[in-house]
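What follows is chain A paired twice: with chain B in the first complex and chain C in the second.
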Partner chain A sequence: MGMDRRDFLKTCSLLAVGGLLFGCRKNALSEISDGLAGRIPDERLFEEEVRLALSMSRKELDLVAVPMPKALETKGEKSPNRFGMVIDMAACNGCGKCILACNRENNVPLVTEEDAARGRFMHWIEIRGGAPFMCAHCGSAPCEKVCPTGAASHTPDGLSTMMYKRCTGSRFCGANCPMQARKFNFNDAKSLGLSRQFNKEVPLRSKGVMEKCSLCLHRLQDDRLRFKTESAVAPGASAEWRGRGVKTACMEACPRKAIVFGNWLDGESPLVKAVSGRTLYAPRSLAPFDPSVLFLMEGR
Partner chain B sequence: MKIFIVIFSLMFAFLWADFLLGRGGEPPREGVSDFPGAPSLAIPFNHALHGDSLGLDCAACHTGSRSQAHAYFPTRKDCMDCHRLPLTENAGIEKLDSALEKAPEEPWSKASVLPAHVVFHHGVHAAAGVSCTDCHGGVKTSGAVRNYEVNTYGGEKFDMKTCLSCHRGETFKDRGYKRAATYCAACHR
Partner chain C sequence: MAKLLRILGAVLLVPGLMALCSALQVGPASWFTDEKSFWGMPICLFVFWIGLAHAGTLLSAVFLALGVRLDRRTALLAELSTLCSLSLAVVFPLVHLGVIENFYMVAPFVDSRGIFANAGSPLVWDFCCIAVYGLLSFLFFHNHLSSRNVPAQEIIRKPFAWLLLPLVLWVHSVVSLDFAATFVPEWQGAFFPVYFVVGAVYSGLALVNCLLCAEGYRVRLLEKLMIFSSWFIGVIWGWDYLTKGVFFTWAFVFAGLLPQLLWVGAVRDSRVGRLLVGLSVLLGLFLERLYLVSPSMSELPSLGLVDLGLVSFSAGFFLLFYFGLRRFVGCFVDEGGTFFGDVDGSEMEEDLSATEPAEGDEKYVNPFSSREFRTIRLPLLLGILAMLLFTVWCLNVPDTDLTLVNMLPLTYPVLALVAGISLWVSSGVLREISRRVLLVVVMFCVLFGVLAGIFFVGYPSEESGRQIRSLSLTERENNSEKEKNTERDIGLSSSALLWNARCSSCHGSDGKLNEKFVREYYPVPNTLTLSRLDSLGEDSLYQVISRGRTNMNSYEGRLTEKEIRGLVRYMRFLAGEE
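Right, the complex of A and B next:
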């Protein structure tokens, strides 16, 4: 077969160019290519999924009266903070705006149609008994006790946190939560085109990792670091961080102000003010575990 | 001959499609010694000339380093603020002025290499009395821009162990730093 020098050089250079293009793919381009290939879902899909979840929500929520959450002791040290929330069942009309706000704040992925049909959403908030229900951040959390890797752990400030990089996906925690507040990433949401990073502050979770409500941990962390920096340079400022002014995404989104976030141990917290003189309720199965996210009922 | 062109264009089309739509083969480990290239400036920036000899504080150019989460890199305007001023009686260095003139608006716009699940706040460390060189060792003493990146920050030698040993009070004992939080969610999200 005849091939002159010119053709040979052409072949070689084209192959070299092609090889270079193949080799120099970068992470920065993968985002564009994800968009081109339809791997980033439209925002509308998230709204539709919340609507679907609302139509499938569970009706029952068995509540019992519980005392006000007290200070926690971790490793013998008492923290001046214990963060939590209260949900006013009377004010809430179950509109589901908190779910969407939470999904956008925490980059909660969509689920496949198959899972959606069976009501298996990744949403950190569910509507149960007509009001939002999420992880209660129990003081003696049953989920944390069974975690083999220490991925589920408690902060001194009373948050039950998930360290995603430590999670190996045993799902013991999910099995030990009496209210099924934990959601497991059975799918690789990113490669299935089901996840979208609305909020750069919150990392995306990979396949095989458990997740749940973090009480907007990132907002608390940012506020704590800001406070500590500022109080170091401003003499006379209060030395102790109480997390004042921090709001969760669901609290901000609630049009009827049914969700109040705050510090159970801080008298000035909107949470303590909202519950003064009222009876606090918790789901019956969670009540023995000292939950931090509680409920208020009409007229009580 | 035509068959060759057809084969080439087909191959090219495949490679082009892969280039646009394909996914990289490497595992998704973010922020591990993956640096964008050093800025292409006509005259490379020299830390030794600015820090040691002028006595400039790091925060003069890295404006967030004492108050914000990110330290930030200076823009060209920040450079010009000083370089345009007749600080001394010497005439400006022509070579340097023309290089600055040609420099991009943000010569060092660098994305953070910190993984998404790690929280690091420069300000709170500075407020606690940690000096910049404790982590970014050798910036001031060495001339090269990239030296400190290779040595400590983001390099193989800088990991969670480094953070933890200081937070536990094991390193810098002579400085009398306070022990810092070591629970997971203090630094991870």
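Right, the complex of A and C next:
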């Protein structure tokens, strides 16, 4: 060991610099992405990916009966709205048209082949137990409780929302969701040429943030703005916005009308009409968290 | 020996750095992540190293506080290993993040729009507790070193240990809450804090024993404690198995069964034997954390090159950093090598006798009139006051989740922080530091504060007023004034001033969004394009300004009708209307 300190330090720093340079080299992935930058995938690819996801879907969905969702309180105030959905398991045949519609509405990106082989899709809706399953927008959402930055938060209207710009990608929310409804952007879909902006109203998410079903938040916001403007022009028509007439993309796409979106607190909402007199179900592991997206079963 | 280990560290560091760079570049896709929890190697390494980081200070502080004599060399080694592990551990949460540049959002600061970190999240508690722990560990170590030269400072060592002992337990309990506060079935259980603390102590003992092997001497007490910890953690694993059916076979073999070899005299007395047992415990506990972080994994996960590289990075970094620092501090502070325990076997007997408890020659002193208590009295009072102030402040911050339950995990760290710093200052350490160093430190703090302030306040996307000057608005205005009667309107330039004052914080002074806004919030405001403004029409824009929109505040009562109409015209101007 005839090495003095000077040589030792020199060797160490050379090795460290070498390592750093090697790590910063242009690797195969970035070469691909350079080639793909700005490339927009074909629509057909999205359809194919949905078919692949359908073939890999999970079979089990353990449902228990739950009461009808009630008004939520935020900062001591009760909101007049709580949006949610109900999925009729009897009507649904698991065709997967809702997934494609959702992907197109919300610009959900494709995934790489390795991810697809592991079943790690970005789809906000996935088929479980033969019916679509998405984020249930729980009233006391476990994901929001652990989010360190407050990027996952609740709107007064009962939506569990994501502030993408505030998300630091700790994935704590994903770990705490009992049903794994949250999807993580492992890849920079844009530079890999995997994302396509079908809908200008929804931003493309960057690499490293969490995302999930937003209950078509942008449609609700558009409707609210329209309502506000109208009531400003002709005041006195209707005092409160209840989100009537808004439909989510999956609801519109469903050929068998198995998905119904609406306001749980509005008696005139199609949602409340659809569930009257029937028992509501929720996945067993979500039932304690007061979910807003529920299920109906045959004949009950 | 130390030189050899430094070289080993450097060798391990090279592939480690490559893996680290690739992990930073590619992101979380590059290593194995659990299907269920999205977590993987970085979190596993974080928990592992933070456990090791609790070893030194805990051992040193516990022994000191409980009156168990541990010789200074061993205590210093342990404290140094704490600092090294801690500085290594904090790297991994950063690696783990999806958007690393947003890490500061975890810190509990109110940002420019009043958005606060979620005080209910265990990660935020983690962030604060570990920061406090790191600082106080450093001060403890510094005091230990400097009291070697200035024996008068020795007096705060024991009171400091009293402060640190609960803090160590506290911090590791908070780390365990990262897991226990979630709804993942495998991570639930009220015993998790105990589990993590025991795991930390156990791994820390193993690390210190390994380091002692490298030094060439042994401390019987630490070996006995290690065996005892292995039984303790065995009981907890048994409990885990009985309640949840979770059992980590390999962890049990390496960290539960193999350490029992210390009962065999031949193994115990051989340096290699002790080293192997220590390494086996570390390996077992590492595997245990890997299993724990990935609950959906049944077999050994498919670890990739980056995973292994990160492990190699952590081992290499620790070896290089620890033995480098050990040498540096040893040269810097002490004249001889014995300070950190460069001894051969001949001195072992003497070391052993030094670790024996002292004979009971001291006479009884009332604890509340002891010298140590009198030292800590004032700092402790300051700490309690700071804690109470903090509590009152928390409960009065509007619109945050700083409820009593959420800030409870931070109470003791705040107390310890204030008490520890004031204790350290009261030891007269500042008198020892030269003026120049002090000045540099103060300047650095001020500079850091200023930079942090600039960072949090943000910057406008374009200099206010530049728009007005560059487009020579005043001229245009004069022209237009000549053309039409503008009695009822306010001028374009005053609208521009109004825009810069009222609207530019979000919409940017050029109408193209403020950078700061885009960085932090969603949904972002719309860019002002002429087609959009046309489609909305003047009246509708007027309504939006006066009544507010989804994320925009209402300006009714704050702006007059004329001013709003002026703003609408200015918007059209910004959008490019000639």
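Convention: the second predicted complex is superposed on the first by the 262 of 300 C-alpha atoms of A that agree within 3 Å, B and C clash if a C-alpha of one lies under 4 Å from a C-alpha of the other, contacts with A are read in each partner's own complex, and residues count from 1 in each chain.
By our rule, a contact is a pair of C-beta atoms (placed from the backbone, for glycine too) under 8 Å apart; a residue touches a chain by one contact, two chains touch by 3 or more.
The structure displayed is predicted, hence computed values, not measured ones.
Contacts of A:Ser55 after superposition: neither chain B nor chain C is touched. When both complexes are overlaid on chain A, the residue A:Thr11 reaches chain B and chain C alike.
Of the two partner chains, neither chain B nor chain C is touched by A:Asn93.
When both complexes are overlaid on chain A, the residue A:Ser214 reaches chain B alone and has no touch with chain C. With both structures placed on the common chain, the touch criterion links A:Pro148 to chain C but leaves chain B unconnected. A simple residue count on chain A separates chain B from chain C, and the partner touching more is C. Looking at the shared chain after the overlay, A:Ser140 reaches neither chain B nor chain C.
When both complexes are overlaid on chain A, the residue A:Phe186 reaches chain C alone and has no touch with chain B. After overlaying the two complexes on the shared chain, residue contacts for A:Gly169 are found with chain C alone; chain B is out of touch. Chain A residues 11, 15, 18-19, 22, 27, 29-30, 150, 163-166, 203, 206, 218, 221, 225, 228-229, 232-233 lie at the interface with chain B in one structure and with chain C in the other. Of all residues in chain B, only 1, 4, 8, 11-12, 15-16, 18-24, 28, 34, 67, 69, 115-117, 119, 121, 123-124, 126-128, 183-186, 188-189 touch chain A in the complex they form. Against chain A, in their complex, chain C makes its touches with residues 3-4, 6-7, 10, 13-22, 24-29, 33, 35-39, 93, 96-100, 102-103, 105-106, 115-118, 120-124, 127, 178, 181-184, 320, 399, 518-524, 539-540, 543-544, 547, 549-550. Every residue of chain A that touches chain C in the complex is listed here, in rising order: 1, 3, 8, 11-12, 15-16, 18-20, 22-24, 27, 29-30, 75, 115, 118, 120, 142, 144-151, 162-172, 174-176, 178, 180, 184-188, 203, 206-210, 218, 221, 224-225, 228-229, 232-233.
By the touch criterion given at the top, residues 7, 10-11, 14-15, 17-19, 21-22, 25-27, 29-30, 32-33, 36-37, 74, 150, 153, 155-156, 159, 161, 163-166, 191, 201-204, 206, 214, 217-218, 221-222, 225-226, 228-229, 232-233 of chain A touch chain B in their complex.
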